[in-house]
Amino acid sequence: MKLYEYMGKDLFSSYGIAVPRGRMASTPGEAAAVAAEIGGEVVVKSQILSGKRGKGGGILFASSPGEAGEAAAKILGGTVQGLKVESVLVEEKIKIDRELYLSITVDGSAKKPVLIASASGGMDIEDVPDEEIIKYHIDPFVGLQPYAAREITRRIGLAGPPAGEMNRLLPVLYKVFREKDAELVEINPLVISGDRLIAADAKVTIDDDGLYRQKGFPRVEERTEAEQKAHALGLSYVQLEGNIAVMANGAGITMGTLDTLQHYGGSPANFLDAGGGTGMEETAKALEILLETNPRVILINIFGGITRCDDVANALVKVKKEREIPVPVVIRLVGTNEEIGVGILKENGFEAYRKMDEAAAKAVELANRH
Amino acid sequence: MKLYEYMGKDLFSSYGIAVPRGRMASTPGEAAAVAAEIGGEVVVKSQILSGKRGKGGGILFASSPGEAGEAAAKILGGTVQGLKVESVLVEEKIKIDRELYLSITVDGSAKKPVLIASASGGMDIEDVPDEEIIKYHIDPFVGLQPYAAREITRRIGLAGPPAGEMNRLLPVLYKVFREKDAELVEINPLVISGDRLIAADAKVTIDDDGLYRQKGFPRVEERTEAEQKAHALGLSYVQLEGNIAVMANGAGITMGTLDTLQHYGGSPANFLDAGGGTGMEETAKALEILLETNPRVILINIFGGITRCDDVANALVKVKKEREIPVPVVIRLVGTNEEIGVGILKENGFEAYRKMDEAAAKAVELANRH
Amino acid sequence: MAIIIDENTNVIVQGATGNQGRFHTRQMLAYGTRIVGGTSPGKGGQEVEGIRIYENVFAAMEDHRVDASCLFIPAPFARDAAFEAIEAGVKVVVIITEHIPVHDEMDIVNFARQKGATIIGPNTFGIVSSGKCKIGIPSNRFFVPGPVGVVARSGTLTYEIVANLTACGIGQTTVVGLGGDRVVGLSFVDVLQKFEKDPETKAVVMVGEIGGNQEEEASLFIKKMSKPVVAYIAGKSAPPGKRMGHAGAIIERGRGTYEGKVKALKEAGASVAALPFEVPDLVRERIGI
Amino acid sequence: MAIIIDENTNVIVQGATGNQGRFHTRQMLAYGTRIVGGTSPGKGGQEVEGIRIYENVFAAMEDHRVDASCLFIPAPFARDAAFEAIEAGVKVVVIITEHIPVHDEMDIVNFARQKGATIIGPNTFGIVSSGKCKIGIPSNRFFVPGPVGVVARSGTLTYEIVANLTACGIGQTTVVGLGGDRVVGLSFVDVLQKFEKDPETKAVVMVGEIGGNQEEEASLFIKKMSKPVVAYIAGKSAPPGKRMGHAGAIIERGRGTYEGKVKALKEAGASVAALPFEVPDLVRERIGI
């Protein structure tokens, strides 16, 4: 779950990490009030779950409360990077002497947290050459110890008061990362402003699987309505542009199904992974979600392991009995209780394929026939 | 630093470990007041830094506030196990269904914390055979995890609600041990009272070397006045019964000096380890401490490493100049700046030996001459 | 021969009294897996499918040599259960559980490294040494002995490919599910190394996915392998996965795409199937059967 | 030959700019120790006794191979400094500092175990391979090459015994100070094993103390040694040390007394000196010089 910048900064602040003074606002009036409270020049930043807002016109400067209100009015309700802006963060404009980059994330290869830092921060961090990027892997049983912080600071090349600030910041940032089940904590830019280090941005992603033990976070929703509905059923769903609705069980086989469809010239309407052990009721609901996308064909590809073929067949029959299915359904069904499932389908007028490629080819043929 | 039982229980209580209701009292009146507050039967326990109070008459029972006051009057100001009692702990008398033993301490061989538990707790724990004692070593980087707690509980042989209580207690006790720089946390007996586990005693020792970062503990003083004085100078001092005052530099060589004295029939008045790098001023003060014990002879055994022989010699001369030294001083002096030191001593009428055995023999001879 | 587990592997099932645990204990027994016990706190002494239930792994090990463990433990308790198995001395720990927090996964994998244990998963279908031992959840019917080692990131896609192989008369030495999560115990390279050393394995099928850089790392090892590798990479047409801010980009540095993975594998000498059902033909081609 | 360190050992001094660090850097250089650098945060680039000071151990290792480190770091910072050396890859870490909290000592020793480093100390005088390398604080004059390995718990008593040996014409291969604290990196057994394997060491002198059960554990190994061992145990007449509640008694179970240690050592075939100055004669007797 991604956090909005203002939430990430609130989180940082609660750990004693310095952030610019400021507050979230949902209306131009609120924005002007926050600007008045801060005094002087302010920055008005659109709150969306994406980076590169600066280049997208999502960050404006203002030198009075009136200007701040106007800036907020320009941004609020509009879109930045294709995302609707519902709130802004109004904060003091800080003096920037230098911009650094700092983050901690999970390194799947090393199977450890990795701290990434660079003396060259700011918008173009992805173009900074590898030799200017510092990577430090953290043993989860040891944590980020003071000596490691000093070594990272040394490699960044800091000296004087900002070096001391960095030595203090690094273990705290790891603490946030660990205690909050974060997959990512990123500060870009981390600004040197006089003697101080200030987190001028905050990008925090909380591990969805860790949310059950992370109380006190507002729930941020990034999914479309259909995706939310699928998620509530324990299904993984992504909307796509095509006209063949797809349901399979397992992320890999769902991807394989899409690949096969495209191979035969078809165009998938969605990615729906029904998971490994979904029962009859969930399967029926998943079908409902597919139908709502108004596809030309539905392709169901089930390789039964934990999922039982008879459950899938019964679910299909149930949906058919409850409502009309206005488009053809192509089913591939093998695995656990395959014979029973195929029998149920036949009795109810569905044809079942044993081979994935044949089923995919058939679905493409039907979609293109219209 | 050992904590009094009531301090240990306050500490446990602050971590959510169940202890009997009660409070410390310094007068019979206070004891009666605490008993009245608790109601019903109470226990009045002398607060001394030693075990086996029960066998020594230091624990009395009372069934009314009046009786509690009388019990406190009996104990307060007296001695238990040779120690003066200045306070008592008055607490509810708990129902004892069973007594267990539980502690965590440092295992110098394994170089790890070790948790020790036994289903047979109570006063005679030291006589419980090894096979009824459970030892579990804790990796300091991993801590005491829930699975380990369950395994210990299983090996103790607990079932039902007390097993659940034990599973919760064990990681908390380790937390106390680790967070408070403890060398020992011991609960004996740990009482099963109905469904509950209650710490009926609390023995906690805080690592002296960790005290600098352990705020919030009252300082408990176990040393004699002379020992305190020596400790304030960074010296390690223990009072003994004999008549030859001894000073050496290093715990091992001080022990070796005592051994050698006894070998020649002498009797040491003290153990004074002046440490490895003590300067002139500290050495002079250490001499003052020795003189206060009114010995017959003083034996100084210095093998100079960090300690410089000239510093020791100068210290001796300084003391001699400032005050009369009423007893003979035998000095053994070798090592760093030996020649300078021996020169200074000779100039000032002291004789220096090079060999430890000769110096010890001389000291014994002088002590026995009187 | 086979890798990691074989007919002599003694297995316990952690969480054997739950629905999943019970069902798959029965399935594994039916496959011939030597299950010597199950665990379930508070249920020591019971029986499930004729298997004795113990309070914990330590208790089971008082009665049996235990070589491997299979976890059917809910995500919030999986870290503790895995630690228990590792500390008790179990050398192969198969974690079926999905949705384990990634910090717990890092803890598990690093604890296992310290103690010299092999973690399979989390979020895996498990591991099958065909005809000898199955630890995990795939259905029994498709796994038959033969000359091909299979290593995969995802489950059902692997069943698909294994079933295709079996249908074409190509059996498997061992089929390893690495697990679908970001942090898992084994990488492709770890398993390829074992297959390279296993005398019965004549070729390896590797089932990858877009994202991460495991397949690229595997390519470096494949270059040095004496045995042929056939790969399929899922996700040619998949929507882009979520990205971990700039940090993710810095770690991946352009790796992780379908095209990049296929290029790396082909340059390393692997055959790459465009679609899952092409795998058996490519295997035939490479081992000449 | 010698154990642990020799004439090729490259040493850095952590905390080289303090009084102690500076003094002993000079002394070690005078003994012939190959000191390649010192560390002191914030003082990188300075020089002490002609030795370059680095910001930290990592920086020193960019310029030099570093085999061993000697810590003159105040107790509150010793844990972190030791961790730094260990993680940087230093394989022998000598910790002179006394009064380090015991929990920090456990952390240091267990971290070193994970990383394969040897900790000498804390609260040790150090280690001397006579004529080759001295890491620590003993004065240079008494340590001359010869056939006897020395291992001890306490400092000054060791100087006493080494000086006696040297005065009698018996030099030393290596003299190891285990350290006086309850938790230290090496035990008597660890060092005895190394001396047993060292071809130049003909006999071992072991200087123990009352308390703990290290000497009893060493006795079990001495039984199997091919080389003679001469021991002295200090504290025959010492006041009893502080006891860790019942827990201490349960761990020691009657071991730890002077009589028990001497009995165990004698039964294992060691010669036991009643007083420190008897050691040289016993050594002569055992190696026939």
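By written order: A, B, C and D. Residues from 1 in each chain.
Keep this in mind: contacts are C-beta pairs under 8 Å (C-beta built on N, C-alpha and C of every residue); 3 or more make two chains touch, one makes a residue touch a chain.
Remember, predicted model here, so these are calculated numbers, not experimental data.
Least step count on the touch graph, chain B to chain C: 1.
Counted by C-beta pairs in contact, the busier of A-D and A-C is A-C.
If you average the Cα atoms of chain A and of chain D, the two centres end up 55 Å apart. Our note on geometry: chain B versus chain D, Cα centroid distance of 27 Å, whole angstroms. Between chain C and chain D, the centres computed from C-alpha atoms are 47 Å apart.
Among the residues of chain A, those touching two or more other chains are numbered 141-142.
Among the residues of chain D, those touching two or more other chains are numbered 111, 114. Shown here, the protein chains touch in an arrangement that is not a line, ring, star or fully connected set.
Checking each pair of chains for touch leaves A-B, A-C, A-D, B-C, B-D. Against chain A, the residues of chain C that register as touching in their complex are 20, 75-76, 98-103, 105-107, 109-111, 114, 125, 137-139, 152-160, 163, 180, 182-184, 187, 207, 209-210, 212-214, 217, 232, 234-239, 244-251, 253, 274-277.
Residues of chain A touching chain B in their complex: 141-142.
Within the complex, the chain B residues that touch chain D are 51, 101, 103-109, 111-114, 116, 125-126, 130, 133, 139-141, 178, 181, 183-184, 186, 188, 203, 205, 207, 209-210, 212-213, 238, 240, 248-253, 255-256, 258-263, 268, 271, 276-277, 303-306, 334-336, 355-357.
On the side of chain A, the complex with chain D involves touching residues 142, 145-148, 150-151, 154. Only residues 41, 55-56, 58-59, 80-81, 83-84, 87, 111 of chain C touch chain B when the two sit together in their complex.
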